[in-house]
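Note that chain A is present in both complexes that follow, paired respectively with chain B and with chain C.
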Partner chain A sequence: MLVTWKYRPRNTIVQRMDPRTRLIFMVCIIFALTIPEIWDYRIILPLFLISLTLYLLARIEWKDVRRVWLYISILVFFIVGLNGLLSGRGGPSSVTNIPSPVLFEVPIKIPYTEIGWDVPITVSKTWFALNQMTRMLCMAILAIPIPYTMDPNIYGTAFKRMGASDNVSFTMDLAFRFLPTFARDFSITLDAQRARGYEIDKLRGGLFARIRRLAPLIIPVVMQSTVTGEEVIDAMDLRAFGTAPRTWLKDLKYAPRDYVLLGLGVLIFIACCVLKWVFGIGGYFVPEFFTKFLVG
Partner chain B sequence: MSSIPIAVQDLSFQYRTRPEPAIVDVSFELRPGELLLIAGSSGCGKTTLARCINGLIPRSYRGERNGRVLLYGKDVAEMKIPEMAQVVGTLLQDPERQIVASNVFNEVAFGPENLGLPREQILQRVDQAMNRLNIAYLKERETFNLSGGEKQKVALAGLLAMNPSILLLDEPLASLDPASAYEALGVFRSLADEGKTILLIEHRVEDALEAKPDRMLYMEDGKVKYLDQIRDLPVEIDHTQVKLPAPWVVQRVKALSHEKSSILRRADAEKGELLVVFEEVDFQYSEDTPLVLKNVNLSIHRGDLIAVLGPNGAGKSTLVKHAIGLLKPTRGRVLIEGEDTRKMSIAQIACVVGYVFQSPTHMLYAPTVREELEFGPRNLEFKPEVMHASVAESLRSVNLIGLEDYPPLGLSFGQQKRTTIAAVLAMRSKIMIMDEPTAGQDFANYTRFMDALCKPSNGTHSLLTARFASTIFITHDLDLAVTYSNRVLLFGDRHVVADGKPEQVLKDTEQLLRYRVRPTSLLYMNLELLPATGRFLPAEVLAEYIR
Partner chain C sequence: MNDKNTWEFGTRQVVYGAIGAALYGVFSWATNIFPLPAAGNVTFRPAVAVLIFFGVAYGPWVGLLAGFIGNTLGDALSGWGFYWNWSLGNGLMGMLPGLAMAAIIDFKARSDIFKGVTWGTIGIAVGILFASLTEMFVGGIDLNTALLGYFVPAFLGNFVVTVILLPVLMIAFAAVASRRGR
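The block that comes next holds the complex of A and B.
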């Protein structure tokens, strides 16, 4: 049986919105940043502030999302940020191509070998890392509130009413609930293995040995997920799912506030495309104030 | 169209992957409103018969099928799934496996929505089904927050909303506490009285009798061994294969005198050294959730074989998780051999307390049984020679010899369960805790399993008493407590309601009922004969005391 996220009804403007509006707005912002490849902080920053406003309007308690923020922070700061800072990759080629003052060098060495080199940290790479992190956060803070503030009973309906087929809509419904179910199974398995003296914080050996030592957690959870998947399929078959066009009982209706947000989302997407492709605004550059701030 | 809901004619089926047929020449007919109890042990063919009736055979399971199953005169093999789903509703063993939607209303509406019925008709059917089972108050609830009994009713409402005239109930009591099971059986009877034709598959015949079945079909080795009214039940029906009421077992044992050898005598509790102590323990999962344990005081001694009884959701699993240190008290303390669990790592506690989880799939992972058993000892840093000796001894103890190199996840459920016990045995812990050790097993299998653990094998000691200083098992099956334990904890309202010898705790049947534990015929018979026996005994042994 699949479980759901920690959703609870709150009397907020965000929760009163049609779920389709929120999904479409999120897609508009992601597309606006990625399709025309926007790297200009003058566009990224306002979009980040709009996303942050929506996040704050959702009024999610910190204790509910503390752990999610921990994972997102690790991803954004340590993986995306550090990667941007060290390699300058993942963005436009101008990040590494343009001449930029070197701030300092980081020595990197391949373990157990003599092979190594110094990686220069430039002003350009630093600005790129900040830009990249802001872009990622801008998208993440639109996605984080969804499981906590969107009624799990209308996941499937939202996709159906956006024009998806019965199969796709129900697949999305089940997929949304898969992650918390996976987390529950993981927690039970972790308890079962800890009761056999297994200590996850005492993984020893090299990378492959460590991965192998995770098998007692990974295999039972994957098995359990497979079994749950098969059970859901059997239960749906026995109740004639997919044998005829389905009636979806729940109806969704857009309110004026939905049209406002949808309009804003579409406008942002079109504006970003026009700015970049028509006026050439939105590409990567390092602002002077930042260079001055770092190198004087 | 024929008026006969089900006609099974000379039905045989052999799975493609099996060397022998699963069912052979099964024939019977059911009339409208009839409730047929189908009983038999695991592997007797009852599940295959059910699959032939609900159409999963031949659609999902391939093999050689002979004979016919006719639903209102129409062959199942020729019917389409939507048509089938409106004629036969199948309730699976575990309601958790059946529930698809995240809230109750959506769950009940799921079937009719799939049939593409008009909106008004669906709403009407949902209301009717929920009102019929008196669960309209659950309409807006999340499905995963329901109790076991509520989940069962919601799953049944989901079937009723599709308006089938035949209900196929596949061991529907398996995951319910006794009181919920009793309520469910009442609902099944009333549905039959309203004209639904019901096939109730259940190995716990004693419990199923509460639904007042019109007839019983008993199967062994794929063949029908008995098909008639229940009051004429012949002695051929083996009480070791299905759970029969205690008076019937006594009657059978007396008729077949050679069975008297199958006796089991419980060791009495002798208060030994103190192993685990709960001192004024309170526990809550988070600050904004209610207490799950409240002022729990408990001592576990060497020699205890404790059965923990109580309703679903009472906190029984939370209680025992404190003994292994997976949970730490919010207030009070838990001491393992005098040391506070807050100051011990779980690995340290695991040297003293072994915990067998309810579902083997949450625990088994290794490529072979031997490696699975070595996992715990390796974590506890046993010396290699000690580990090998311990694993070999554990394999012998639970009769897994010959399966050492098999993948545990490829074994049968009963063998997987034994592997989990062996895995804990190999750790040489002093205390064994088992959460619902019989869950998912049929009567014959779990009786064999519990006998193997608790039955004295060398005159005085059973596997459990020889290998563990103390054993605790959580169960819904009152007869397990009566038969195997020497101490009973009744847990409810977040604390220990009663604690003592089975003869003391279980004599208060009104108190048991208050905590949703239904007294069984074995308990009543034991209470009646207690002046003569002096202690609780299995039905086979009680036969000696009845003239």
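The block that comes next holds the complex of A and C.
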């Protein structure tokens, strides 16, 4: 077992961007959709297209993200989409409150009983499910490329330059450095336990017994790490950590393209808030063309 | 056994926060392939016991950082991206047990282990509830799905893991700490 970061240097415009820009832009989009509660497709669709463009510009190979997309698809289409289609809940109350033509009914029955009911699938619920999936994908496709396209060595610097304290940024930086070490320790422990006859692949017994039998894998690694921690603390104390502001090896500088994306992110967030709270635009409604398309 | 100033945030907290995060990230990554029978992205994580342990042993800041950064690392290693509400929920899950740190004197005493498990359970309940409820705004699920589809399976899975593994971790830690003398 080997922990490897999914990151690979690629000569793309996305990777040339400052990591802070990408993180702040992602937060702006998430906040723009969730804080003023935007459910209007005229806003969601352009935002989705912007997110999709950034995702495509990252040029991540399909083989790298195939499993992630399978997982995201199941989550978005079968769980979020189906939930929206059947219940119409999870968004504004107007989804189920506004009068809407019923397309068909889905009979739902509790297994082995006669108890059941017919769930009406309305035009409103269908539109909501589509909106909901686009909205979620819009946020997810901004986050998916991060582990593949952002150098793990600059997370600490990025957070420091975004205003986090030395302590928090250093925790972040140390965590990234410790990760491969502990993954190696875990691998060595696994091999050592296997040599003693421990069979990870054949954990027998009930749930409790199985969990308890994970202890020989977890305990040695955790306890060794607590000992390592004391040594690191001593080393850091000897270097007077925490007595004065730190300097960082890597420096980050915004380029003009970063200012453009940052400006766009902030503009989107402010525009969504103003549209919703000042002009009342951005709430949920079913467009005429969709109703006509479904019911004629 | 350790500094009992609950809210101190110095070198010790920075280092153990990072160690807790790295361990939580590695163990979460190793088990992220085991989904729970839940509505969404909820997986079976024995690593939660490690997170609770770091909170109980080193305080709320360590628990918060280990949970927040560790969950982010685990998701990043799995290639899932960044889900801020789940990371923050995991942070709370580590932070609340940290409030018991000052009350725990002997890590192998039954009463102190009970305190650790109780505070761990509170942490799991609050952390998972926060993540599940915020998923209503982020993922657009309804309250029923948030509670029955996300909260209940995740809470039960994490609770069982904590009840079984946390006492073992605490007893092992007591032995290591007594050998080390601090």
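The rule we apply is simple: the second predicted complex is superposed on the first by the 212 of 296 C-alpha atoms of A that agree within 3 Å, B and C clash if a C-alpha of one lies under 4 Å from a C-alpha of the other, contacts with A are read in each partner's own complex, and residues count from 1 in each chain.
Everything below uses one rule, namely that contacts are C-beta pairs under 8 Å (C-beta built on N, C-alpha and C of every residue); 3 or more make two chains touch, one makes a residue touch a chain.
In this text the structure is predicted, and so the values were computed from the model without any measurement.
Trainee: Is A:Met236 contacted by the first partner chain B, the second partner chain C, both or neither?
Mentor: both
Trainee: After the superposition on A, what does A:Ile219 contact: first (chain B), second (chain C), both or neither?
Mentor: After superposing on A, A:Ile219 lies in contact with both chain B and chain C.
Trainee: I want to verify the contact counts: of chain B and chain C, which reaches more residues of chain A?
Mentor: For chain A, the partner with the higher number of touched residues is C.
Trainee: What is the contact status of A:Thr96 with respect to chain B (first) and chain C (second): first, second, both, or neither?
Mentor: After superposing on A, A:Thr96 lies clear of both chain B and chain C.
Trainee: Using the touch definition from the top, say if A:Glu199 reaches chain B (first), chain C (second), both or neither.
Mentor: First partner only, chain B.
Trainee: Return first, second, both or neither, reflecting whether A:Thr134 touches chain B, chain C, both chains, or no partner chain.
Mentor: Neither partner.
Trainee: Of the two partner chains, chain B (first) and chain C (second), which one does A:Thr291 touch, if any: first, second, both, or neither?
Mentor: neither
Trainee: If we overlay the two complexes on their shared chain A, which of chain B and chain C does A:Val227 touch? Say first, second, both or neither.
Mentor: After superposing on A, A:Val227 lies in contact with both chain B and chain C.
Trainee: Quick one: classify A:Arg67 as touching chain B (first), chain C (second), both or neither.
Mentor: Touch partner of A:Arg67: chain C, not chain B.
Trainee: Just which bits of chain A does chain B share with chain C as contact spots?
Mentor: Chain A residues touching both partners: 1, 3, 177, 215, 218-219, 223, 227, 232, 236-237, 241-242.
Trainee: Can you name the residues of chain A that touch chain B in the complex?
Mentor: Contacts found on chain A: 1-4, 152-153, 177, 185, 188-189, 191-199, 215-216, 218-220, 223-224, 227, 231-232, 234-249.
Trainee: Hey, which residues of chain A end up touching chain C in the complex?
Mentor: Within the complex, chain A touches chain C at residues 1, 3, 5-6, 26, 30, 34, 37, 64-65, 67-68, 71, 75, 79-80, 83-84, 87, 89-91, 132, 135-136, 139-140, 143-148, 167-168, 170-179, 181-183, 186, 207-208, 211-212, 214-215, 218-219, 221-223, 225-230, 232-233, 236-237, 241-242.
Trainee: Looking at the complex, which residues from chain C come into contact with chain A?
Mentor: Going through chain C, the ones touching chain A are 9-19, 21-23, 25-27, 29-30, 39-41, 46, 49-50, 53, 57, 65, 69-70, 73, 76-84, 136-145, 160-161, 164-165, 168-169, 172-173, 176-177, 180, 182.
Trainee: Touching chain A in the complex: which residues of chain B?
Mentor: Chain B reaches chain A through residues 54, 60, 80-82, 85, 90, 92, 96-103, 105-106, 109-119, 122-123, 142-144, 158-159, 162, 321, 324, 326, 345-347, 350-351, 354-355, 357, 359, 361-366, 375-376, 379-380, 409, 423-424, 427.
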